[in-house]
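Heads up, the next two complexes both have chain A, just with different partners, chain B and then chain C.
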Partner chain A sequence: MKTYVVGSGVTKVDRHYDKNYLVLIDEAVGKTLANSGLDASDIEYLVVSTAFSESILNQADPSTYIAQNLGFRNVKALTVSSGEVSGAVALDYAHALIRSGKASRVLVVGFEKMSEYPSWVINKVYSKILEYEVEGIKNVAPSDYAALIMNDYMRRYGVSRESIIKWSIKMHENAVKTPHAQLQFTISADSLSKALRISEPLTMLDSHPTSDGAAALLLVNESVAKKAGTTPIELVDVESSVNLPIYLRDDLTYFSATAAAYKRLSSRNGVKLTTNTAINVYDTYDIYGLLTIEALEICARGEAVKCVDEMPYLNVGGGLKARGHPVGATPLYQVHELRELMSGASWVKYDGDISLAHAMSGPDNNAWLILLKGWV
Partner chain B sequence: MKHSISIFWRLKDNHYKIYITKCGDCGRVAPLKRLKCPYCGSRNVEHVESRGFGELINYTVSYYRTEGSEQYLPRVVGLVKLDEGPVIVGEITDVDLNELSIGTRVEAVLRKYSSEDPNGLIYYGLKFIPVIKK
Partner chain C sequence: MTSSRFRVGIVGWGAYIPVYRIKAKEIARQWGFDDRVTDSIWIEEKAVAGADEDTVTMGWYAARSALLRAGVNPGDIGAVFVGTESKPYAVKPSSTIIADALGISAKKLSTDLEFACRAGSEGIRISVSLVESGAVRYGLAIGSDTAQANPGDVLELTASSGAAAYLVGPADESVAVFESLVTYVTDTPDFWRRDGSRYPAHGEGFTGEPAYFHHIVSAVKMLMNESGLKPSDFDYAVFHQPNGKFPLQVGRMLGFPREKVLPGIVTPWIGNTYNASALLGLAKILENSKPGQRILVAPFGSGAGADAISVLVTDKVLERVGKAPTVEELIARKKYISYAEYAKFRNLIHRNLW
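And now, the complex of A and B:
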């Protein structure tokens, strides 16, 4: 049984001090159902994705309270939490429900409220994506690892610090054209020397911002998709792999979990990514975006900086860097952006048959891929 | 940051000492006392204590502020290749940033991890300093 996306909706990614998670989700779900031809009473499963609701909102299992507050009366509700890949895991669960025939209409909702506390509190929460007993207890931060990886990449391949920022410049250019993106302004390499340092050589210009947001996707089986009011996109396959922690890796500059997941996905589905394929990858830090397009075999190792200008459909929504990173919702934003691109609703025209979303927790600690295909 | 006393007590061998897990099957070594070899999954492992000396192979000067870390900023976080082989992540402290470089010899010392516990508890653990020449 095949899985189709027949509706999607997102809120603007921002610091929504005036809205709680229910208000954000209500907006995203409203947009999703409005363009799908279905309503809340048609939904069988409500699969909710969040990474930090227990830490930030003091709320365990928000799916129960989303169902209670937003009028889902006869739904089966559950919460998926798996660090920065929560949204990808939620989509995989929904995909399995449809494929197995257990459900025909599943609403996947992702959200995060990262702006509820000052940055020094939220930074600690975000650092929980690393292993507490080994790294967290020593105050090792995710940005520290990105800096170590950037150091190794520059040394190994002779890549300059100034050239790495090309990724972020492109992401901001894409965000300016994306209404729901958080950082809708351009940046230049000249700003690098004045940028606030996070973990040297990493600066604010290399990093994702602190973001709130909610996104929803409606997944259905083929018979429901045929009756939908919009052109469906097929969710073809999901694949993933886990890496070793970075201090056990022989080579910090190779995202082997992303590479292993891609090899399996590529061989199973007979697809090969090129510079002209629409992809939406995790650029939590710009160096991670570069390593990801190398692990996905789009660019040769050490050559990603040269590839970026040749990839017209790379993170068209601005990536985590500039669209923002409402963690539990981010993979859903990625799929929403790819759906818009494949259905002609994006700012750029795309004729390709397939597209790919990539999510990962930490520096490739846990990497997930979602393959999408146009309706045929 | 508030830590659980029982968690911290259980971790004493990995934060007051440095142990190494040696695999009897694949022959690889990894830092920390581990149930299984992280490379091949074997339970045929031996735990030996490191002397705590090594070489700094990569580092960052970090300004990433988290609750309670203000007094320690900027911090140097790095990867240390222990003389026994494995690489461990840790903080490099008591160091002049102008004199720090890749290849610096370092040794483990007991230092404060955090002291902002609401009950006044102070948590200690191992950090690295440049080797003191005797």
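And now, the complex of A and C:
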């Protein structure tokens, strides 16, 4: 049984001070149902993805209240919470429901409200993606690892600080063309010297912003997809892998979990990514985006900065860097952007057959890949 | 709430800025901030009240200058308002101390007002109404603060001390007459200090877009709509200035060119004096203005509200500037202190006193 995406909708990624998570989800689900041609009463499963609703919103299992708020009366609802990869895990679960024949119409909803508290609170919550008993109690923040890795990468491959920022520059250029992106302005390498340092040499220009947002995807089986009022995109496969703790890795600059997941996905599905494949990868920090395209074998090790300009379909929505990172919703935003790209609704035309979304927790601690294919 | 009139104006004004300064970069270094944070919000140094200064002493000095410029009999002042969020006494008015020290008659209205950084301008609005109605001949509105900030909070880079005072009275005695006054207020919790808390808390980015920018833009647009005035009709625009960057940014949003906003910016050199912030900017403009020029002043207070006030300068301004210290003279008069001295002056060091 194959899985298809027949509807998707997102809110603008922003600091939504005046909207709670239910209002954001209402908007995303409304758009999703509207462009799928299906009705709320058709939904069998509601799979909700959030990383931090318990920490930030004091809400355990929000799926119950989301279902109630959406007016879903006879639906099976559950919450998936798996750190920064929650959205990818939720999609895998929905995919499994459809593949197994247990469900034919599954609505996946992802959300996060990160602007509810001052940054010192939110930074502490976000740092929970690392291992609390090892890193948390020692006050190591995710950005500290990005800084260490950036330093190591520059030293190992002789890459300059100014060339790494090329990634962020491209992400901001893409965000300007993406209506739902958070940071809709361009940046330049000249801004680097004035940018505030997060953790030397990492600056604000290298990092994702604090974001609120909600996204929804409607996944269905083949028979429902054929009757859908829109061109479906196939969700072909999901693969993942867990890396060693960062302090046990031989090489900080190699994202081996992403690489292992890609090898399995690639051989199982007979696909190979190139610079012309549409991909949407996690770039919580620009250095992570660069390491990811190397782990995905699109660019040689140490050569990623040279590839960036040759990749027209790289994070067309602006990436986590500029579209923003509403954590539990981010993988759903990625798939939504790829769906728009493959269905001709994006700002750039794409003729490729496949596309790939990549999500990961921290510096490749847990990497997930989602393979999509156009309707044949 | 709006009013438009030409019968009331500013009869006298005064300023006070403590002599002590601490460099913002020294505070940044103290707490391990990136040095560039001070440039990103445009703050060079801030004024620090000395160990023997508080809201009352600073407010008195500014008010005395306002009276010197106005040349009125203190006995004719029928109302005294002190806008502050740093009262020396939790219970006991500051306004009574200042009024008595100035020799103002006991037959008066007198109270302290609290609305974060715009209580001083609320005092001006109330004074305008009292003078307009004939209830008093002159009303004295003072904005004075020794602003608090949690040590190590980014707010500490700017929170400073200072005072401004305005004597409101009949238009024919005024250096500037009020043309239009509006106020825009909502319940927006962007910055607060709970009872018993030593320092205020704030919502970081929430203090910007939904608070400062939304309220000032709304108030100024309201004034423009109701008065028919446009940015090009004003010679200067003065906004509340929590830092040097925000007033330039809000000026841009409203269509005021940089050269009309820059002259009223004082915060980069003295910090955010809270209730005196925009009012010191207005004082500096008045001291450099020419008769016939039009000034927009838009104070903002967290919680949140903004006023938009349009004044027209009269020819009386020229003769009164030199009767008391100007803002520029007070800014230039300075003595640098260390973080340790600042901590001592602002009572940040706690010790047993037996």
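Following the convention adopted for this analysis, the second predicted complex is superposed on the first by the 376 of 376 C-alpha atoms of A that agree within 3 Å, B and C clash if a C-alpha of one lies under 4 Å from a C-alpha of the other, contacts with A are read in each partner's own complex, and residues count from 1 in each chain.
As a convention for this text, contacts are C-beta pairs under 8 Å (C-beta built on N, C-alpha and C of every residue); 3 or more make two chains touch, one makes a residue touch a chain.
Fair warning: this is a prediction, and the values are worked out from it, not measured in the lab.
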Touching partner for A:Asp18 - first (chain B), second (chain C), both, neither: second
Which superposed partner A:Met342 touches (first chain B, second chain C, both, neither): neither
Chain B versus chain C as contact partner of A:Leu202, first or second or both or neither: first
Which of chain B and chain C A:Asn151 touches, first, second, both or neither: first
Contacts of A:Ala67 with chain B and chain C, given as first, second, both or neither: neither
Touched partner set for A:Leu38, first chain B, second chain C, both or neither: neither
Partner chain in contact with A:Ile169 - chain B first, chain C second, else both or neither: neither
Which of chain B and chain C A:Val224 touches, first, second, both or neither: neither
Chain touching more of chain A, residue-wise (chain B, chain C): B
Contacts of A:Ile293 with chain B and chain C, given as first, second, both or neither: neither
Shared chain A surface residues [contacts with chain B and with chain C]: 119, 196-197
Residue ranges of chain C touching chain A (in the complex, touch as defined): 34, 36-37, 39-40, 201-206, 209-210
Chain A - residues contacting chain C, complex: 15, 17-18, 115, 118-119, 194-197, 210
Touch list for chain A against partner chain B, complex: 119-121, 123-124, 127, 133-135, 137-141, 143-144, 147-148, 151-152, 196-202, 244, 246-248, 252
For the chain B and chain A complex, residues of the former touching the latter: 1, 3, 7-8, 11, 14-15, 30-32, 38-39, 58-67, 69-70, 72, 75, 77-79, 86-91, 113-114, 125
